[in-house]
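Next come two complexes, and both contain subunit A; in the first it sits with subunit B, in the second with subunit C.
Moving on, here comes the complex of A and B:
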């Protein structure tokens, strides 16, 4: 009973965090599912978005503008990975790792902007001093600071992002991007510049992750250099959980909504295992194993189906031979 | 209209796997030519089509369409002039996208892809008409994903996509080889129909000698990266499998027996 009680108490936090990470998961969905490449830039991009957003905010920039610039910063990171990949011929996964590594240094510099050392691993932004869009402090606040309640903020933000993405993927340009991910050979034969499409996809994806980073930094009251560590795995977890729950069969709108749902479910499961006694330091191990399991299941299913087919065929052959 | 001059291509040069696929290839197509291409495995048929389409850069020589040199242009730029159907039915369509979305992609070949809506309402009627010409019932399945279609249906759809925006040149690369005989026959009929209606200049690679003889107005045979036979007009109309083999043995000589087996005559 006490267990359930505390679980229910954690629900607002689960929703707030899940909604923010849902945007991040949409970024992962766009590269991993729509574009069919694994982009590891995002681990660095989340921290980049956070660092840029906090730096600008503490220097007096309007917080909405700062959040928007965090998104543009993410798009810039995606552009770099895209150019590494398409202009320098570096495999996509490696291009992402390179940008991610470079961003570690960049993020230290961004957060250390104006300090004597020039680098800094965390940068705080207190909701008492700055007029933040949202904060985890107000996650249960349904009256006084309602408009800064993360849940109240994130639902319309998510809706707007999903609407824009859904519209984009229905345009000529967005269709070309989807075709590039579905069949590069065919896309080129139909006159689509697959390099450009790939770069655009990486920019949109990382823009979303940068935006999520900016919002997450406000939510937790600081940005830190390793806030994005393992983000790709959490994003993947959300994408896969969403797919299992919604079965969109490749429909983009369903896929995007699945990201938010999957992300919320992911944080809910995390709350349960934490309350069952798992240490916070073991969370990454737990997450990695869960994602590995979910990725392995379709593979095993495929193998089992082939094996079944083979045994049916050999039985038929035996029967035919007898006849 | 299409002119290949002294085109050469070697894959993996300087390695133990070096393979000279095209060796000083020359070919000139007239407007409206429907040329069938035959030859044994490794003769360079598909390599020639891929060189024209820009799948890889050629080592030397020139390729031009209507007098414009295209051998330095990227594959997607050349696509504005060239329609293609591949051997593998999976290669011509985007499996996760619907039939109408695939057609809409093809309808924008050679145009800038903007932020305008991907399919306009008025297009759907047009697609329905075009699909009904295939006689496969696809006109009622506009929102079916291409991945759910059979190999023959996909090849027919790819054929339609390749000709939706009239190409200056149509490249058919053994596009019926992966289909069962009845379906292959139907797709070939459709190819004839589409080529004829659009008066399209066409290169069709085939493994089947009879198909090569029965279709098109001109036949070329390749061996070792070159064209060894070029038959057109009345001579082409009077061709039989046996007379073609006799001609080939005079032209190419040595490899006849192996090639005869490979071609399956």
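Moving on, here comes the complex of A and C:
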């Protein structure tokens, strides 16, 4: 009972982290599901967004503007990966890894801006000194600072992002992007410039990740160069968990909402694991197993469905033969 | 068809719960008496809590450790030993979380402590400290194994006291004494190479500070920064080619790869002075050493004062290690033909 009680108490924190990572997962969803390429830039982009946002904030820039610029910074990273891929002919997965690698040095430089060493691995931003959009400080505050509560802030932010993306995917450019992911040859035959569509997709995706990075840095009170390590796994896990739970394969709106749901569920599971006192040395193994399980279930489901169809078909054939 | 999917969902959920339950039952016993994670403790201390389970816990202390690492483990152990000795066994209940080297996990663990309303948080290393500082302004936070609080918390005009709900201990061996040691051992050297990982804020801080002391003494200092373990050997080689002595701060990346460094510096015949004994025993000749168990213990003493209401955390200055020891690596000194003066202890 005590365990359940403490689990319920930790729900606000789970929601706060989950909603922020939901935006990141939407970025992963756009490349992995819609565009059908695995983009590993995001591990670097998350830290890039965080670094840019915190640097600007501590230098007196309005925090909303700083967060917006973090998103633009993410889009820039996506553009670089896109150009590596389409203009230099580098395979998408490698192009993403290259940008991610480069961003490590860039992030050190960004955070070290104005310091004598010129590089810095972590940059703190205190909610006491700056008027941050959200902070883990207020995640349990339901009265005085309601407007600062991360959950209250993140729900409309998520809604706006989902609405814009939903609208976008219905426009001509958005449809072209989806067609490119569905069938590249066919899309090209229809006169779609698939290279442009790929670059745009990567930019939107990384823009979202940059935005999530900026928000996450404010939430945890610092950005660090290792912030994005393993982010792709969390993002993928959220996408897959969301898909399994909502069964919305192929529908963009359901997919996007699934990202948020999936990342909340992911953090809930992590919270349980940590609560149970599981050695954190095994945490990564456990994460990998959860993701593998969620990835495998749809496949097994598919297999079971085909097997059943086959047995039904063969019965019908027998019946037909008899007739 | 829909039924099938629902069944699968339920089955999946059941598997997850079972998996979790299995994890819980296997790990809990080992938590009570696992001596492998507590190298510096006497076995009796770690075995006792299970026997004294009837003592009513008066305080709950949350411990968030950045990763599993010998030094951090020792600091945690020192902290627990101090509290158990001062307040008595079983009076303090310890909630422990290890972030496994991921910043996100620090936020999750700290959030768990805040939701439970623990009486005090021990933030073992920089990320837990940052996460805790962000998460609460009310629960007292003590840091340990943090080198420089001003950098970690972005404080201008550093006075030695953080204020608010934060205090703690620093793992830094006094850098002026380290510079003096380089002068004592290598008075004739001119070029000092400073080897460190640019991804570690603590290292950058130490390099900047010791450069000031060394240049005052007339040495020429050149920083050699590597970004991660992959370019470590080429940067080390470059440092060897251009330096008479190399200094390495308390750098985690260097500490994890001392063999790589040793193979290069010993072959080049360049002595290394290190910021802590782990690096020194791997690739160095001499070091000024602090004990992480000691700083953990000091932090535990501070915690006892705060919990009993004897001290106000907002006025407690950051403390450093109570003792420093001059140490040397006998094997490497012999290889390089360096004679160590009196007053140094050999690293076992």
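Please note the rule applied: the second predicted complex is superposed on the first by the 291 of 323 C-alpha atoms of A that agree within 3 Å, B and C clash if a C-alpha of one lies under 4 Å from a C-alpha of the other, contacts with A are read in each partner's own complex, and residues count from 1 in each chain.
The rule is short, and it goes like this: a residue touches a chain if its C-beta (ideal position, glycine included) is under 8 Å from a C-beta of that chain, and two chains touch if they have at least 3 such contacts.
Predicted model only: the values in this text are computed from it and were never measured.
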| message | Under the superposition described at the top, does placing subunit B and subunit C together on subunit A give a clash or a fit? | response | fit
| request: Using the superposition on chain A described above, determine whether A:225 touches subunit B (first), subunit C (second), both, or neither. | output: second
| message | A:171 in the overlay: touching subunit B, subunit C, both, or neither? Say first, second, both or neither. | response | first
| query | Does subunit B (first) or subunit C (second) touch A:42, or do both, or does neither? | reply | neither
| said: Quick check for you: in the superposed arrangement, does A:105 touch first (subunit B), second (subunit C), both or neither? | reply: second
| said: Let me test your reading of the model: by the given contact rule, A:179 touches which partner, first (subunit B), second (subunit C), both or neither? | reply: first
| Touch check for A:261: first (subunit B), second (subunit C), both, or neither? | neither
| field | Which partner reaches more residues of subunit A (counting touched residues only), subunit B or subunit C | value | C
| message | Just to confirm the geometry: in the superposition, how small does the C-alpha gap between subunit B and subunit C get, in angstrom? | response | 17
| Which subunit A residues lie in the overlap of the subunit B contact set and the subunit C contact set? | none
| message | List the residues on subunit A that touch subunit C in their complex, please. | response | 6, 9-10, 12-14, 16-17, 58, 104-105, 108, 116-117, 119-129, 135-137, 139-140, 219-222, 224-227, 229-230, 234, 244-245, 247, 267, 269-284, 286, 289-290, 293-294, 297, 300-301, 304-305
| query | Of all residues in subunit C, which touch subunit A in the complex? | reply | 1, 4-5, 8-9, 12, 15-16, 19-20, 23-24, 27-28, 31, 68, 96-100, 102-112, 114-116, 126-127, 130-131, 133-137, 151-154, 164, 198-201, 204, 207-208, 225, 227-228
| request: Write out the stretch or stretches of subunit B touching subunit A in their complex. | output: 53, 74-77, 79-80, 84, 86, 90-97, 101, 104-106, 108-111, 113-118, 145, 161
| said: Under the stated contact criterion, what part of subunit A meets subunit B in this complex? | reply: 168, 170-176, 178-179, 182-183, 185-194, 249-250
